[in-house]
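Multiple structures follow.
One chain, chain A, links the two complexes that follow: it is found with chain B in the first and with chain C in the second.
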Partner chain A sequence: MRIKSTLENYIFVLPAVLIFAVFYIIPFIWVFQLGLFDWDGILPTKIFVGLDNFKEILFDKIWWQSMGNAGYITLIALTFQNALAFLLAWACDREIRGKNFYRVIFFIPPVLSEVVVGLVWQWILDGNYGLLNSWLANLGLGHLARSWLSDPQTALTAVAIVHCWKGFGWGFLIFLAGLQTIPRELYEAARVDGANAWVSFRKITIPLMVPVAVLVAILTVLGTMQAFVLIIAMTGGGPAYHTQVPVLRILASMRGSSRFGYACAQGISFGVILMAISFIQYRFSKKSRA
Partner chain B sequence: MKTGAYYKTKKTAINLLIHLFLLTVATTCLFPLIWMVSSSLKSQDVIFKDTSLLPKVFHFENYYRAWIEGGFGRYFLNSIFYTVAVVIGIIIVSSMAAYAFSRFRFPGRNVMFVMFMAAMMIPIPGSFVALYVLLNKLHLRNTSFGYILCMINVGLSTSIFLLKTFFDKMPKELEDAARIDGCSKFGMWFHVALPLSKPVLAVVVVFNALNVWNEYILALIIFDSRPLMPLQVALTTFQGEFVTNYPLLMAGLTITALPIIIVYLLMQKYIVKGVTQGAVVG
Partner chain C sequence: MFKLRITICTLLIGFALFAGCAPKQETGITIWHWMTDREPAFQELARRYEAKFGVKVNFELYAPSDAYSQKVRAAAQGEILPDIFGILGEKRDFASFIKAGHILDLTPYMEANNAEWKSSFFSKALAVNEFNEGNSYGVKPGTYGAPIDIMTIQMLYNKSLFKALGLNPRKPPATFEELLDIGKKISAAKMQGLVSGWAEVWMIDCFANNYAFNIMGKDKVLATIKGEVPYTDPDWIKVLTFFKQMQESGVLANGVVTMINKTAEQLFANDKAVFAFNGSWCVNVYKGMNPKLDYGAMLPPEASEKFPMAIWGGAGSSFMVNERSKNKEEGVKFLQWLTGAEQQAYLAQATNNLPANKNATGRITDILAQFADSMENATHPNVWGVSEFSVVIEAFDKGIQSIIIGEKTPEQVAAEVQRIKERELAKKRYR
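The block that comes next holds the complex of A and B.
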């Protein structure tokens, strides 16, 4: 009876554990194994190269350039996108008419796919027939018109701004949920004590929102550093390597140059860097809370 | 002396500014979509010249052409099929596991649960490389079944977490009563726990459905043959081939975006819930 009951329990978790073991744990282990080999993904023989792939990464200029590009996009997302998200959340947290309407609208870009968003914006930013350039021409600013996505000077920033357009709704919703947990009585009490709106914003809202801001920052960094589908749809990583990002490089190592081992080594290094960044941010948040 | 009227005007002015700010951002959110629909209704002859939002002639036949000639009809049905199959799979598999993690005691329970939770926290950016190799070995690459299994796995951890949290808070009395009436464990899961967990199941369904519908990278590396591709991958290949046919491309984009927007507008309550709950996990 006991044994039958235990067996029954395992039957409940079996499908989940089986799928997880095959499609998560095995690939996870293989990434680490393959990272030590030179392999084209087809031949039955893999050549063991030890840590050579990782050494190569250290001197892979395009890899580090793409890391820098992702860092640049992340920096814009951390500042511009999150500041916008916070301001909007703050505005919607007030007694204001139509805040549900705004809330619904701001989360439309996040539910769309990166492919759809990327292709629509690519059409808007198109150098020859794009809407932006024709608007600039109509405003008499025709000299500013350019091929936004194929000009090395603007491509990366254009991609970053579209990324922010697509992503700010996430931060907005999380900030709004955070703001709504602040008890209204705190503001009341502050007002009775003679604090004006600015003082209570600085002394109540900001300190209480620090943990939420750290959470949003961690999610922003993890999400933005790994973003790449939007870039496939907008520029494909070009012009030259100006909008390349790490995951695109991993994909290129795998599909372009058929170097599966190198692709896995890139994935591991990148994963370690991401873990380190979010760990530092987490520690930082603990310190600031203490 | 500042009168009540002064403060009232000041407040109105501030509110006006805030509305102006919010409206500007809202317009920025909506405009690209309006432009997408507008472009999809123009003809290839005028699309590069006509920058008006309302086309003079509505070329609805672009949708017909995209659906038939562009093959979007096929891709659309593929996307629907993958989304439905994955969501059903996730509901069954994750609710069973979550129910066991919440209600039963058995050796290895905690280890397994912690593993699922750890998977949510650890980013492995190169995992698609290994998944490609794995599916090749299992002869599941370029099959719908392989893709569906991969996508079930993608949604598993979060769904188990959401469902287990819900089951933990659910009173056990009903299940106790059912057990006394001779209900089996499967019966309690299927007839008692699942119907009671509708609110959280809605969150699980909506989130996973959005996720599968919008998924790109796994579909890209798994499918070689066109008839199996979902919309997202088809769009990027379409873009390469019909590079100048913007009306058809925009019609394809609208076909891809519309179901998501409709589902979102109908279910946005659950999406907000999911985002805020999911944020707590992270």
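The block that comes next holds the complex of A and C.
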């Protein structure tokens, strides 16, 4: 009877396990296997090169530059984007007029198409006929005008800011949901004990929001490191390699250079790096909660 | 009860996994393409073909071209390519498709009836679909595709802005020095110079190769690709230096290095840029954006008298027949009909593209005729017989972007490109 029951339980989870295996595990193994070959993606013959593709990644300067660029965008997203998302969520969680309106407004950027957002911002930041330069000129700050997306000094930061604008709504939504789970009684009790708003925020809100902040941070890192649609639409990865990110490099290897094997090796390496970052963040959050 | 649950679970899993795998039943000929601007004309031709021969033709559009290219590769891997399709990519990709058995050799059809079909095409249009004896790709010599139009990529100038600059609108610059002089005038008038989709690096490559052919000639360019001449050669450094000079003199528009071609087309069509570098397909695009645009086509101004200026051109788009298709004979018949003079004339008129059939050029516009006149200067990497490593091309083109933004010198870029070239050559020898 016990064996039958156990077997029955396994059978019920079997569909989920099978779907996970078919759509995640097997492709992962397959991609890893392809990473061991020199293959153009079309020919039926593949040349086995062992770990050569993985070794090449270690010395691929452009790959590591793209990782650095993605890291820079992620750093800005982790700090400014998430701080903005948290502050806006905190403001909307309070009894203010029109808070539902603000909630909708703040969530509009994430639901817009990345290509559309990229093209609109490209138009705003255009060096010749862009809105930003026009506004700067009208404000008497014409000397600051430049080709924001073609200037290596500003291109990556411009892309990062647009990425934050596009993405802060997700963090806002999660932070807001987190804030709403904090029992109001805690704040009332604190007020009775003489705590002011700042002390309540510091002693109640922040500690209880740490798990939510960790979740948002993990999602931000994963989402930002893999960003590429917005970047393709805004700069195409240029000028030169200044806004290249890992996914663009993988696409360049696969489509531009027809190096499927190398692209697979890049994909696997990138996946491992992301998993490692997520694992570290998770361990850190567990430690901080303990 | 237990057995019943197991049976239901198994059936559900089987259904979930295999429900989407049933092949779609298609009748007639299926064609995949990426040419958004030609879709209505293709549909009209499909309608005419069905009315005449009773065979249904399904043109399926997959755009943009990047997505199309990816779809064709994925379909090739799964051996589910349609009856007719086009390939977007380098000659080596084309060769891989042939060697993998995805493309029918059209040579017997081309040569039939005293080469009636073959002789209807411009030879340069057909050349990109041909593999000659002893080709470096290891492909059996023959013709593997039918061109449906031809194109050239060259410079365009805005006649209205030429007048505004005090220049003769009937006399575009003929030498590189003249171009640089005009650049200074553009800069002084605070106008924008040359716009092009140089965020898509292949267009930079195309422009650079024009000057490489002009300065050192075809043989030396091909010798470089073969690894016999280094990119650090003074002639290559001269080519790279041109971009620096164009940037410094004001010939290039601000932001050209991150400009996509659609933006460049909008700027030029709306009289916001003096020059453009674009393909003959732009005639249709500009007509849609600004029918009153007054412009002319010109060859890039020569920098040397030693060799003629070469521009990229030849077949614009070609279709291939799937070797594994059950309908391959029908597919060939349709291509023969599609590339016939009458259908080509209709396509040229409806889409403002140059026809591949030389008997169908009678009714093209003046501006298209200017593009057609440059066909004798046309060459294309797909007819050179050798291909540069993709990573070398990328390093070269990105290096030019670095020169334009003032980050690197031509000498630095040349050295970097040569380093990558040597690495790739060593890798090739090793493997």
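Here is the rule we use: the second predicted complex is superposed on the first by the 264 of 290 C-alpha atoms of A that agree within 3 Å, B and C clash if a C-alpha of one lies under 4 Å from a C-alpha of the other, contacts with A are read in each partner's own complex, and residues count from 1 in each chain.
In this section, a contact is a pair of C-beta atoms (placed from the backbone, for glycine too) under 8 Å apart; a residue touches a chain by one contact, two chains touch by 3 or more.
Keep in mind that this is a model prediction, so the values were computed, not measured.
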Chain A residues touched by each partner, larger count belonging to chain B or chain C: B
Partner chain in contact with A:E8 - chain B first, chain C second, else both or neither: both
Which of chain B and chain C A:I174 touches, first, second, both or neither: first
Which superposed partner A:F80 touches (first chain B, second chain C, both, neither): neither
Which superposed partner A:I19 touches (first chain B, second chain C, both, neither): both
A:G41 touches, of chain B and chain C: first, second, both or neither? both
Partner chain in contact with A:Y187 - chain B first, chain C second, else both or neither: neither
Touching partner for A:W64 - first (chain B), second (chain C), both, neither: neither
Partner chain(s) touched by A:F201 [first = chain B, second = chain C, both, neither]: neither
Partner chain(s) touched by A:E114 [first = chain B, second = chain C, both, neither]: first
Residues of chain A at both interfaces, chain B in one complex, chain C in the other: 8, 12, 15, 19, 22, 41, 128-129, 255
Touching residues on chain C, where the partner in the complex is chain A: 2, 5-6, 9, 12-13, 16-17, 66, 69-70, 73, 76-77, 89-90, 92-93, 96-97, 99-102, 192, 199-200, 253-260, 263, 267, 272, 389-391, 394, 398-399, 401-402, 404-405, 407, 431
Contact set on chain A toward chain B in their complex: 6, 8-10, 12-13, 15-17, 19-20, 22-28, 30-31, 34, 41, 84, 87-88, 91-92, 94, 96, 98, 101-109, 111-117, 119-121, 123-124, 128-129, 131, 134-135, 165, 170, 173-174, 177, 215, 218-219, 222, 226, 228-229, 232-233, 246-247, 250-251, 254-255, 260, 263-264, 266-268, 270-271, 274-275
Partner chain A, residues of chain B touching it in the complex: 15, 18-19, 21-22, 25-26, 28-30, 32-33, 35-36, 39, 47-48, 51, 92-94, 96-97, 99-101, 104-107, 109, 112, 115-116, 119, 122-134, 149-150, 152-153, 156-157, 160, 185, 189, 210, 213-214, 216-217, 221, 232, 235-236, 239, 246, 249-250, 253, 256-257, 260-261, 264-265, 268, 271-272, 275-276, 279, 282
Parts of chain A lying in touch with chain C, wherever the complex brings them together: 4, 8, 11-12, 14-15, 18-19, 22, 38, 40-44, 47, 49, 122, 126-129, 147, 149-152, 155, 234-236, 238-241, 252, 255-259
